[in-house]
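Below you'll find the structure, written out as structure tokens, and then a few comments.
To keep things simple, chains are lettered A, B and C as they appear, and every chain counts its residues starting from 1.
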Amino acid sequence: MTAVGSTALQPLVEQAAQDYQASNKKVNLTVQGGGSGTGLSQVQQGAVQIGNSDIFAEQSSGIKANKLVDHKVAVVGMTPVVNPSTGVTNISMAQLRDIFTGKITNWKQVGGKDQKISVINRAQGSGTRATFESAVLEGKKAVTSQEQDSNGTVQKLVSSTPGAISYLAFSYVNDKVKALSIGNVKPTDKNVTTNKWTIWSYEHMYTKGQPNKATEGFLKYMNSGKVQNSLVHKLGYISIHDMKVTKNAKNVVTK
Amino acid sequence: MDEIQKKLTAPSKASREDVTGRIISYTCIAAIIILVISILYFITSRGIATFTTNHVSLWQFLSGKEWNPGTLNAKGQPQVGALPMIVTSFSVTILAALVATPFAIAVALFMTDIAPKNGAKFLQPVIELLVGIPSVVYGFIGLTVVVPFIRHLFGGTGSGILAGTIVLFVMVLPTITSLSVDALRAVPTYFRSASLALGATRFQTIYKVLLRAAMPRLLTAVIFGMARAFGEALAVQMVIGNAVLMPRNLVTPTSTLTSQLTTNIGNTIMGTLPNNALWSLALILLLMSLVFNLLIRCIGKRGEIKS
Amino acid sequence: MTPNQTDRIATQVINVLVLIVVLILMFLLGDIILNGFPHISWHFLTSPSSPFSAGGGIRDQLFNSLYLLILTLIISFPLALGSAIYLAEYAGNNWRTGLIRTAIEVLSSLPSVVVGLFGYLLFVIQFHLGFSILSGAIALTFFNLPLLVRSIEGSLHAVPDTQREAGMALGLSSWRTIRSIILPAALPGILTGIILSAGRVFGEAAALIYTAGQSAPILNYADWNPTDGSSFLNPMRPAETLAVHIWKVNTEGVTPDAISISAGASAVLIIVILLFNFGARAIGAHMYKKMTGGK
């Protein structure tokens, strides 16, 4: 059994697979990265059993989503982060949008220092960017700027570039970057579960059609308390059992 | 009669051995050629899908400046203009080669003519060691040392062509140096002796005899270095900034063919335009690599030292 | 300015350029080794990596790198040797040979991510090799071949033609001459070439992410049966190498000590390559002495 896709989801699935195999000796599980696009393409072609993805299959062109079955295994919250030197700790959603569409270009326009804003975006087509843009940009086009494709690189760049802004999954926020509050809502797990903090997405594990016995066993394990209550938290994700709201592929949130 | 005839006309043990040898070596070369053809075919077939399946015009691809394969522009055409990446790739490659060449030739001269004993003993292993440093490590040092340094000097983000050039300069230095050493060593000693016997100083010998005699092979060395720089991905990706914008100067973020390819290939769905467009970038890289190699071959042919 | 003055100035300029290069080298090596050395410990080298908590090691990655290197050489060396013999001994000096050489050289300048994806789609998916050391080794063969072919061919050419003539004069077939006269004479050079190309294999990451994979399942070092799933010798298991590990902890690593793991692993990598280089030199010199009977 092979699971391929999202690099963000890989550590979680990899560790869960190791634990699962310890008690189910017969199962042979391989977990690899490669990106959400790779995961979706390969599961659609039937080359792998599980395709890990940061985005809904419906949101990816070229994927026949009705052929795939979605298994949501975790929720990841994302937050805008800035270099601490900017002096900003809270902004409004509209300001955030204007920064990423290039309308606001200096931190003093949002109450910070007189410093040029340098936007660091994520790779086009990456799940993180899709989540952020759908929650923040309201369909507007982001300004063309630096792009980095991994949380680690973004974290290093934001912490070292004066005036930098980007966004990171919660688990990559450290003391060298400053996570912004939006409209005085803090980026916490609790705010995500109630959708007070709106920038979050599911981590999906897709199968082609209904999963076979072995795959189903593992997916059940992913959904069990063993994984959801300990591993998921350790890796900085939010358990899907804690969510008080749901979001569909069109970004409509229901309680 | 028959016995003797057989003995004389049948292939000898030696010639049978020769046939075995030929078969073995021909099989190996055939296997390699199949490998090469399969990868060439593979990249070409995927790379031209942008033009055949998605009907993007080649001209638009090569001259457009907007790269946003997922979305359509006002006219309903996909935005796949690779010009900024082509320009940046060439800029970093040429700049890195320009900076690295004087250093490489100086080191090579040092090793062959100025201090051959200590130079070769000490420098050679270190330069070979540099080849083995993974590109990730170069990129990481670029990100934590070079980019902040440039930002400190010029402001802005620090990422851009200059940072890419510096990282590539160090990465191609060993390639160019070790090939230049070979080039200089290939110049027969009697060229040097003759020049010195005429009363020329060491520098006159180097400048007027050595460098000229070795020129074609030195050029080859430089082009080899450029080919390496052109195809380098991970290290460049970390320092170039990855913004598909025409480079306005040396310190604004921009993107090379390889960095765009590496960044986005995992996020695209196979068979769709964004994925095909990336393979077209790979095709450009492949064609350029062919061009570099043809150049090397042409120069190499002209410059063989006849003795 | 007299020629003598020019000579002195030019020499100084060359010396300065060399000094700058040496300084850059020292800085690079110093930076990598000094930053990494404090993190290298017996524990670091002998414990498995940990996906999210601190204190993981690089045991499996280090072993995977070495194992992958050996497999790559097993695949690429015979191919390279045969091809180099063809190019050095059999091929005529014509356009066809030129074409073959160009084709081989093109392999070495392909971007590694392209080779990685090619390997992924063809070997991992099409040939059902899966994410495995074997797929990785085949992908790395693409890079290794041109380097090996070039260095072996160079060593073969360096054997004087008089040796070939001597073989012929003894009535040996040219294959026999190659096998028992030319090859032994070229052996030190060939060995050096192999070990130096090992550096490139050891440092490669992009081509392996999609072929050998980026996960290191728990290995059982007591299981010597290469067909068992968890055996350390199994060539069909996924294997994260040291260079890929460095890439991973730098990009998506969630461990709190990612920076020190990356620094330590880089230093280990450099030290291993350093050992290779010295080994190559020592073996080459030793063999040369043995074969030539010289001092």
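Keep in mind that, in the parts below, a residue touches a chain if its C-beta (ideal position, glycine included) is under 8 Å from a C-beta of that chain, and two chains touch if they have at least 3 such contacts.
Values in this document were obtained by computation on a predicted structure and should not be read as measured data.
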item: Per Cα centroids, the chain farthest from chain C; value: A
item: Winner on C-beta contact pairs when A-C is weighed against B-C; value: B-C
item: Chain centre separation (chain A, chain C; CA means) in Å; value: 37
item: Centre distance in Å when chain B and chain C are each reduced to the mean of their C-alpha atoms; value: 17
item: Chain C residues counted as touching two or more neighbouring chains; value: 250
item: Junction residues of chain A - those touching two or more other chains; value: 7, 33-34, 45, 149, 153
item: Multi-chain contact sites of chain B, meaning residues that touch two or more partners; value: 262, 265
item: Touching residues (chain side chain A, partner chain B) in the complex; value: 7, 33-38, 40-41, 45, 60-63, 118, 123-127, 141, 144-149, 153, 156-157, 160-162, 164
item: Footprint of chain A on chain C - complex, ascending; value: 51-53, 120, 125, 130-131, 209-210, 213-215, 217-218, 229, 238, 248-254, 258
item: Of all residues in chain A, those that touch chain C in their complex; value: 2, 7-8, 10-11, 14-15, 18, 28, 30-34, 42, 45, 47, 149-153, 171-172, 234-236
item: Chain A partner contacts - residues on chain B that touch it in the complex; value: 68-71, 143-144, 147-148, 151, 156-159, 237-238, 241-245, 253, 255, 262-272, 274-275
item: Chain C residues touching chain B - in the complex, by the definition given at the top; value: 3-4, 6-7, 10-11, 13-15, 17-18, 20-22, 24-25, 28-29, 31-32, 78-83, 85-87, 89-90, 98, 100-115, 117-118, 121-122, 141-142, 145, 149, 171-176, 178-179, 196, 199-200, 202-206, 243, 246-247, 250, 262, 266, 269-270, 273-274, 276-278, 281
